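Below are two complexes that have subunit A in common, paired first with subunit B and then with subunit C.
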Partner chain A sequence: MSVRDAGERRSLRLGDAGLLLLFVVLAWQALYEAVGEVALTPPVATLANAGALLRSPVFWGHAGATASAFTASLAIGAAAGVAAGLALGFRRFSGLVAEPILTSLYTLPKVTLYPLVLLVFGLGLSAKIAFGVMHGVIPVILFTMNAVRNVDPVHLKTARALNLTALQTAATILAPAVAPEIFTGLRVGFSLTLLGVIIGEMFASQRGLGFMIINGINTHNVPTMMAVILLIVAFAVAAGTLLLVADHKLHRRR
Partner chain B sequence: MPATGDPRARLSGVTKVFDTGNRQGTVHALGPVDLDLAAGEFVTVVGPSGCGKTTLLETLAGLTSPSAGTVAFEGKPVLGKVPRGIGIVFQEDASLPWLTVWDNIAFGLRRAGLAADEIRARVDYAVSFMGLGAFAAAYPAQLSGGMRQRVCIARTLVLQPRLILLDEPFGALDQQTRLLMGDEVLRLWRETKASVLLITHAIDEAVMLADRVGILSARPGRFIELVETGWPASRSSRIVAEEAFGRLTAHIWSKLRVEAMKALGRVGEVSRAGP
Partner chain C sequence: MSRVARAQLAVVCGFFAVLELLTRAGAIGPLTMIPPSAMAARLWTMLMDGEINAAMAQTFANVAIAFALSVGLGFAAGLTIHGLPRLRRLFDPLLASYYAVPFFVFYPLLIALFGLNRWPLVAIGLVFGAAAMVIATLNGLDRVPPVLRKLARAHGLGRAQAILLVVLPAAAPHLFTGLKLSLAYSFIGVIAGEFILSGSGLGHAIADAYDSFDNPTMYALMLFVVALAISLNAALHVWEQRMMARRSRR
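For the complex of A and B:
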């Protein structure tokens, strides 16, 4: 493809993104006109409130609590998910048994289990982390397991033909072969872990952005609630886009 | 170094029986097969589908062990692993999609721990020898099937094998590309002075390339005949126009036709139709 084509496609995509953004803002404004200040703040005012929040230490205290819970959840979910996925991928029979179980757990609304999580882990940080892990770990397991299953047998035969040691085979054939799929799993796990942590903070927690949202509803502080939601959405969309771009880069050569 | 008098490779009474792991029990896939590959000799093996061609190659390579019989490379028994000095090119595309063409070709050398400048010299040579110069920095996904197979051949070539095993390397390519790739393999064979064993289902390819053509029977594969072609070492795909080529091809087909029909399960028709 020529440079000009690439440039044209890029501006086309940016144009589409701009249109989508415009549509969202207009719909938001229209909804505000319909339901009024009791439920919503309009886009421009929300942006201003979000700017003010970013300068307040109270917000950063809650954001820090969410960030540490999210980081811990993601680390545990990624490590446990990749480990379990590798084990289930290499043990074909265990993988076949585990797959339908994992898929049904994946579709189960985890909120139904939250009372149980609270009883087991108690109120506070550990319950939030556990709830985040519950959301994020299953896609990581499923993607990792399939990555291992999909390793091309001829690549393993090549490793034997070249007399590679087990360590060389793992490092130079298996690892690069499974990396893109595992990355996709981690990308999906990232979004779901964030979801789990924020839902976790909405109930039975006194800290974090999820708590700020639910507290905004309870004290009828609509401006703060809307501003927090806007900031979370902005973070999730930005992080998700970056991960998606990296994901496509990794998969492009396949 | 091989002891004098030993062939480059020797299969003696090699038999392979697979356990199917179900009620059918076992499948006798191959043999017994005897074959001596002389130093610098080019042998091709043709046979009907399912006759154990690939098993023959994998047994000779040490990728699978025979149920009975012995395999030797340069006088030493081949046991459970691929001996140094044997290079293998598979039927499937075995290029590594995450590496560039250049890094694919260097892959085996790097794992073997050669010095960087030695690797560079060998890979650069193989890249130009296989006509991959314009694609050295490309990834396999950007190449055609024929080009990818060249990458796999080059990756084997740089290891300077003394025995090259090719398992239907052009099976997935179109007829014209196959003939041209055949010329490449002949050029490579003359250049490296290696012994070559090439498995194929294409009779023209088998006749054009080989010093000797081994004809395998339907499963379990046994050699029905080893045909000397008598070609000069300087041969190329042009010999397909020669009268001897037509005669050899016709002879091999007359032998193979019966076996191919057996493989299709049409034994009755064979006996009715006669020779």
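For the complex of A and C:
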């Protein structure tokens, strides 16, 4: 493909994205015309409110609280999820036993278990982190487990034929083979962890973006609620797009 | 019963046995958690007295409607998006970050749109469930071998016929995954919506019991929801296995 083609394709894509954005804004405006300002603020006003929020120190205090809880949840969920997934992937029988149990846990409405989390962890940061981990860890385990299971046995035989040590096998054969799938798991875990932390903040917290949203709902402060949601969606879509691009690159390299 | 199934049963029973021991021995205080046997006993009386019948009926009806709509609309949307590659490239990143958005914060908006009835909750279930079906449909269609499509063309099948006779059966395993996830997410959406915002249904009953420090009722209801999710999953799992076994026999 020539450079010019690539450039043309990119501008075509940007044009499409612009069209989609325009469509969303128009639909949003139409919805606003239909329901009025009891439940919605129009797109332009929301954008202005979001801009104002970004300049206010109060918002950054809440965003910081969410960011630290989210980072901690993601780190714990990723580490525990990859470790558990590797362990279950290498032990075939344990993996077979665990898979349906994990799937059931994944499909559980975890919000209903939130009171339990609160009773165990108490109000505050640790409950939020635990809730984020509960949401995000299971996809990481499932993807990691499947990645290990799907490693081509021929590759492992080659490693044995070449007399590689366990460490060498792990570094040169296993790691490159499982990395793309694990990355996909972490990408899915990323979104769900964010959701978990935000929901956690909606109930038992006086800080964080989730608290700002639920506070907006309870005090009928629709503009603030909408602006916070817009910022969260923008962050989620931006991060999700970057992770998806990286994911495609990793998968193609194989 | 296979060895795997026996081990699964042992894990689940073991988990509850440990919980029972810890709560009975006082290692977990009664304010934190009650013994599983006490949860089951409370649940049994609630079911017998019909205390939660109304809540159950409402929640199940909402989940069923949301699930049916999710599958229908999600499949149609997946089919459409798959046919339009330019649209597809735009939607992929959106679908990838879809589940990070806490959609039930739009409950007030949905009430303004639909009124104070079942439809806001159904809509939340639909918003959660449909995306899973769209993603699964796209995955399934991506994995239909091109040679099958060629075969359909060689036999002179029309578009509708080709989809019905060739594409759908080939994509069936992924579509089934979509059904499973769609049901799970509709369930999550409806219960979460009830729990956080609504004034009725099973989710609300749990929130209500929590707010009034009624631990036995709260844990009985949690046990009910957990048992429901596990049995739904188990049923679908068995059905899927049978379907797969039939396919491989052919």
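Rule of thumb we're sticking to: the second predicted complex is superposed on the first by the 247 of 254 C-alpha atoms of A that agree within 3 Å, B and C clash if a C-alpha of one lies under 4 Å from a C-alpha of the other, contacts with A are read in each partner's own complex, and residues count from 1 in each chain.
Everything that follows uses one rule, which is that a residue touches a chain if its C-beta (ideal position, glycine included) is under 8 Å from a C-beta of that chain, and two chains touch if they have at least 3 such contacts.
Since the structure is predicted, the reported quantities are computational estimates derived from the model, not experimental observations.
Judged by the touch definition given at the top, the superposed model places A:Ala127 against neither subunit B nor subunit C.
After overlaying the two complexes on the shared chain, residue contacts for A:Leu243 are found with subunit C alone; subunit B is out of touch. Of the two partner chains placed by the overlay, only subunit C lies in contact with A:Leu194; subunit B stays clear of it.
Applying the stated contact rule after C-alpha superposition, one finds that A:Ile173 touches subunit B and leaves subunit C untouched.
In the superposition on chain A, contact of A:Met212 is made with neither subunit B nor subunit C.
Put subunit B and subunit C next to each other and count what each touches on subunit A; the higher total goes to C.
Residue overlap on subunit A between the subunit B contacts of one complex and the subunit C contacts of the other is empty.
Residue ranges of subunit A in contact with subunit C, taken from their complex: 12-13, 16-17, 20, 31, 34-36, 38-40, 93, 96-98, 100-101, 103-104, 106-116, 119-120, 187-188, 190-192, 194-195, 198-199, 202-203, 210, 213-214, 217, 222, 225, 229, 232-233, 236-237, 239-241, 243-244. Those residues of subunit B that touch subunit A in the shared complex are 61, 63, 81-82, 84, 87-88, 90, 92-94, 96-98, 107-108, 111-112, 139-141, 159.
Partner subunit A is touched in their complex by these residues of subunit C: 3-4, 7-8, 11-12, 31-33, 86-87, 89-90, 92-94, 96-102, 105, 107-109, 111-113, 180-181, 183-184, 187-188, 191-192, 195-197, 203, 206-207, 210, 218, 221-222, 225-226, 229-230, 232-234, 237.
Contact residues on subunit A toward subunit B in their complex (touch as defined above): 152, 154-155, 157-158, 160-164, 168, 172-173, 176-177, 179, 252-254.
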